[in-house]
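Two complexes come next, and they have one chain in common, chain A, joined by chain B in the first and chain C in the second.
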Partner chain A sequence: MSDVLLSVEDLQTHFHTEYGTVKAVNGVSFEVKRGEIMGLVGESGSGKSVTNLSILRLVPTPPGEYAGGRIMFDGQDLLTLPEHTLRSYRGNRIAMIFQDPMTSLTPYMRVSRQITEVLELHQKMTRTQAKKRAIELLEMVGIPDPAGRVDSWPHEFSGGMRQRVMIAMALACRPELLLADEPTTALDVTIQAQILELIRELAREHGTAVIMVTHDLGVVAGIADHVSVMYGGRIVERAPVEPLFANPQHPYTKGLLASVPRLDSRGELTPIPGSPPDLSDLPPGCAFAPRCEAVMDKCAKQPGWYGEPTLGKRCWLGEA
Partner chain B sequence: MSEVVQGTSLWQDAWRRWRRHKVSVGSAVVLTIIVLFCAFGPQLVSLIWGWTYEQQNIALGPSAPSLSHPFGTDVLGRDLMVRTMHGGRVSLLVAFVATSVSLVVGVTYGAISGYVGGRVDSFMMRFVDVLMSTPYLLLVIVLMAVIPPNNVSFFGLDGSFVLMFGALGLVSWLVLARIVRGQVLSLKQKEFVEAAHAIGVKPRTILFRHIVPNTLGPVIVYSSLTIPSVMLSEAFLSFLGLGIREPQASWGTLVNDGSNAMVVYPWLLVFPGLTMALTLFCLNFLGDGLRDALDPNARKS
Partner chain C sequence: MSDDVLLKVEGLKVHFPVLSKGFFARQVGAVKAVDGLDLEVRRGEVVGLVGESGCGKSTTGRALLRLVPLTGGKVVFDGVDLGELKGEELRKMRRRVQIIFQDPYASLNPRMTVGDIIAEPLAAHGLVKDAKERQTRAQALMERCGLDPSFVRRYPHEFSGGQRQRIGIARALASDPDFIVCDEPISALDVSIQAQILNLLKELARERNLSYVFIAHDLSAVRHISDRIAVMYLGRIVETGTFDQICDDPKHPYTQALVSAIPVPDPVIERRRKRIVLQGDVPSPLNPPTGCTFHTRCPVAREGKCQSEAPTLRTVNDRLVSCHFAEEIGDLTGRSE
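After this line comes the complex of A and B, so read on.
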């Protein structure tokens, strides 16, 4: 169960715009093992969502471009795979949960049809079998009276229910890799807890690997095994969840944790000063340097990776 | 609870909603009556009174509505009711054909253009621009030269019909293609399209299953506007002698003839005009009701 399922190596996803090239993902590397849940955290615009979309090659090209790197999934490079092979993976071996449940379901298709569409595509089920399975799936994600609700229209569902439909669709084919882009942001806390529990169960029982993109550190602490912190299109720190929260190494991670309220200290919240970098005009050195408290002369040069691949940081601090 | 509930289909659902739209249902009833009136009326009249649409009675001349000529007669003494029925066949057929062409060609063309985008889109839309900016009359005259009206027949119809269908069909889909393209351009950016990609749906299926149904509202509204405008262009062409020829008639030509004699023989304008106006009214209300019924997002009262 501990073999590497997904290995992203030096991924570079750029967007060519009229204001210049935006390096949304600028050399990201990480590995995810089967059954492992990796949290991918960072501010808005740090490149975490684009990283996720790149794995399924869903970044529109143009204006996007996969400028470099490899995405090895079960021994194959997803970036060079023919489109039709990749299409047979989407929704089947690799599934995705989108951020906004209000707009991610096709308004002119019944909920049942949207779920059975995935099943008919990848599992070669008949309409009747697929419908039965759709009801099971809705029950699994906690929709009350699934048999009665399965033929509803998306607009008849609340945001939370739609998100659960999205999740049901993502889980329909028991994917090996689940990419979740802020799956619980739109839900209230009780539902959020249920959904997170569901995802964790999936990882444990089916060995599904999960990449959970979020800016909610609470969610990460609750569910992830490993955490990667992204800043300015790069991963700046990577660690198992306990050491990351107990002893963050990168000044950005420290700042991030200090800006979140904690139950065990009554201190003031300290926001990180400044704003995220302009990805079309990144400094040659460390992207965080302009906002960093511990900035040094060396920070004008791009720091390397210090530590293990799964436990380390991209920072000059404390290194020779 | 465990047994699978039989779902109602989109059409059953739409039917149920449509029936609650009383004005729309009423319009459908009136339209059906008009269609039956035009389809079977001429035979009935010739059985009862013996008039046909081309039968002249110069001696009678233009006479006001009476029991034997309920809509009156025109300057050549032809029974106006039969001519209105006959004109209805022509007008409705022209409208139906032109609208069908506009729906099939316009929606498909616009959807592909908008979805593929880029250079293909520019090329396809420039082609539409070229057709749109070519003077319409010129096109029709060229078509006339290509299709000699008296030598062709199409399902038993006279050459002037073929010409009319060709001319109206050629231009009727242009605006719809633009409308659909614009809709698709904005719809393809929506998250549900990305979500459909992410579950491995083929682009063609995404376009026709996930995107095109969303354009239904504007398409139905625009189609219900296409029908009157097609009827009017048909009248215009006929007026210029490029369309339907005497002794054939259409509502357009009848209204046109009637408007010339409006002051002296008002019935020549009133009866064909009222029939045509009633039809167009009903088509608009019907379109309205259909749009509401087919849109699952529409608020249910």
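After this line comes the complex of A and C, so read on.
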């Protein structure tokens, strides 16, 4: 068994709309090792969430289409796996936490049933066993009085509590890979701190690999081992977390870091001019070129990848 | 910034009644969204109002413009008690106090052109009678706010989120106000756009000697624009001070937890930092805890006084704190300074 748990190779996920083809994910490659937390950073519309959804083949087709690439999970290509096999992975070996805890739980199902469902299906537990395990899980994610609250309805929980329930569901079968799509964006900062602490503990104790999709650079700095920065459907820079923040290479990463207000400084903010690109009408060259300070003639052509697969960038500046 | 106080809020209360079911509905309780809030804003000063969702910060913002009925307390703007004003007098006062809303998608009328949206305050207050002149004024404001003035006849849906927020800012500026409530103006925007809007608001404040109450849940954004910061919890201010006092040396245990919970985009610092992870959720404002409203989550709450007696804002180390034991608790993250 190799160290690499998930390897995404040149993934292309497109959407066919009446306005043309939207290349939401346009050639994305990365690897995630066991127990590693990878931050997938980008603005809205950069393709980060669609990348995450594609891994579990949750993009509706049509209008979506997996137009190319491979997603190798433990030696198998998830994109070509038959639906029933993939179904035995979903919620079992690969689990997902969605952004909005208010809408991601079924409102007319008790919390206990939502957790036991996955246990009965994948782990072939009996109802009584599953219920016992559900209570353990709720306790693990820090819900007070788990035995008393397991039969509550979702609307009886607050936002932070629902997100904990979502995490308990995701962890029910001890997944090898956890896909977290902005798990704390809808929450207040003091609750965010609680949830991030929980995810960190899980990765450390259970060796769960995590892909953490977020737009918040602060969250990434605190939790991730590796970071991939997405822009216009592509990964534009990839590095371990410390060099990425200390010495960003891609002009977009640099611009992003300079434009984010920080609690620990009050220096002038330097915004990135312009706005993010329209994915149905991407320029043939580098998608960031219209907003880039260091733009050159060459940028009209698509730059290749410079550097190692795990430490490098997609930019003409890298060409020595 | 001068010493003269433009806006003074004393003991502000905004309660929303909760009614029983049926035709003869009786009031059975009240959501105490704002419950005894004191605040001062000087001319040309930017005060950041920070707190978690449900703490009453937006309701406070609306109460400052009297967009919600006040249950108690006073809002004195430039020597005039807004609570006493009626009809024409209130309308006149509203020319001088404006608001920028959080959601740039919902706060612009989709059936009006951008020019008409921005010029509406000019027409409503009868400031410019001539329609053509109003459009010219609108174009000048668009240009100042970083929009192409030739788009004056376009509709809101043709603009991106950041551009729409610029339209909202231009509209707020149209009646040449002294004071603007900015209600989370950047939280709906993309990360790379937020800085553009923050910088614009900062420039405008300096240029026109404007005062803002800048409402946000994100302390780091507020730090960049505010002269002073007020931290809210369950309808009250728990601490006010300069940005350095609040961000670098907070005294109230809630402020300390809030500051420690905000992630900093630097992995080296993140690794060193100690977090105060608060237990549980914000209690319901329908039935707030007795005594100090924070005592149910406070890591250093003590038996007795904290449960029974509500602390008031008092001066501790040159800033205002509402905690019985502010002098004794020290730094909860255990930093030694």
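Everything that follows uses one rule, which is that the second predicted complex is superposed on the first by the 313 of 320 C-alpha atoms of A that agree within 3 Å, B and C clash if a C-alpha of one lies under 4 Å from a C-alpha of the other, contacts with A are read in each partner's own complex, and residues count from 1 in each chain.
Keep in mind that, in the parts below, a residue touches a chain if its C-beta (ideal position, glycine included) is under 8 Å from a C-beta of that chain, and two chains touch if they have at least 3 such contacts.
Remember, it's a predicted structure, so these values are computed and weren't measured experimentally.
Novice: Between chain B and chain C, positioned on chain A by superposition, is the outcome a clash or a fit?
Specialist: fit
Novice: Examine A:Leu105 and indicate which partner it touches, taking first as chain B and second as chain C; both and neither are also allowed.
Specialist: Once the two structures are laid over each other on A, A:Leu105 reaches chain B alone.
Novice: Using the touch definition from the top, say if A:Gly27 reaches chain B (first), chain C (second), both or neither.
Specialist: Neither: A:Gly27 stays clear of chain B and chain C.
Novice: With the two complexes superposed on chain A, say which partner A:Ile135 touches: chain B (first), chain C (second), both, or neither.
Specialist: The first partner, chain B, only.
Novice: Tell me the contact category for A:Gly285 with respect to chain B and chain C: first, second, both or neither.
Specialist: Touch partners of A:Gly285: none, neither chain B nor chain C.
Novice: Check whether A:Met169 is in contact with chain B, with chain C, with both or with neither, and answer first, second, both or neither.
Specialist: first
Novice: For A:Asp151, using the defined touch cut-off, is the partner it touches chain B, chain C, both, or neither? Pick first, second, both or neither.
Specialist: first
Novice: Using the touch definition from the top, say if A:Leu263 reaches chain B (first), chain C (second), both or neither.
Specialist: Second partner only.
Novice: Once both structures are overlaid, what angle do chain B and chain C make about chain A, taking C-alpha centres and a multiple of 10 degrees?
Specialist: 80
Novice: State the minimum pairwise Cα distance, in Å, between chain B and chain C in the overlaid complexes.
Specialist: For chain B and chain C in the superposition, the minimum C-alpha gap reads 7 Å.
Novice: Report the residues of chain A in contact with chain C in the complex, numbered from low to high.
Specialist: Interface residues on the chain A side: 43-44, 144, 158, 160-161, 188-194, 196-197, 215-222, 224, 241-242, 245-246, 255-257, 259-264, 266, 268-273, 275-276.
Novice: Under the stated contact criterion, what part of chain C meets chain A in this complex?
Specialist: Going by the criterion above, the answer is residues 52-53, 160, 162-163, 190-196, 198-199, 217-221, 223-224, 243, 247, 257-270, 275, 277-278, 280-282.
Novice: Quick check: in the complex, which residue numbers of chain B touch chain A?
Specialist: The contact residues of chain B facing chain A are 1-5, 7-8, 10, 190-192, 194-202, 209-210, 213-214, 216, 296-297.
Novice: Under the touch definition given earlier, write down the residues of chain A that touch chain B in their complex.
Specialist: Its residues touching chain B are 56, 58, 87-92, 95-96, 98, 100, 103-110, 112, 117-118, 121-122, 128, 131-132, 135, 145, 147-148, 150-151, 153, 155, 166, 169.
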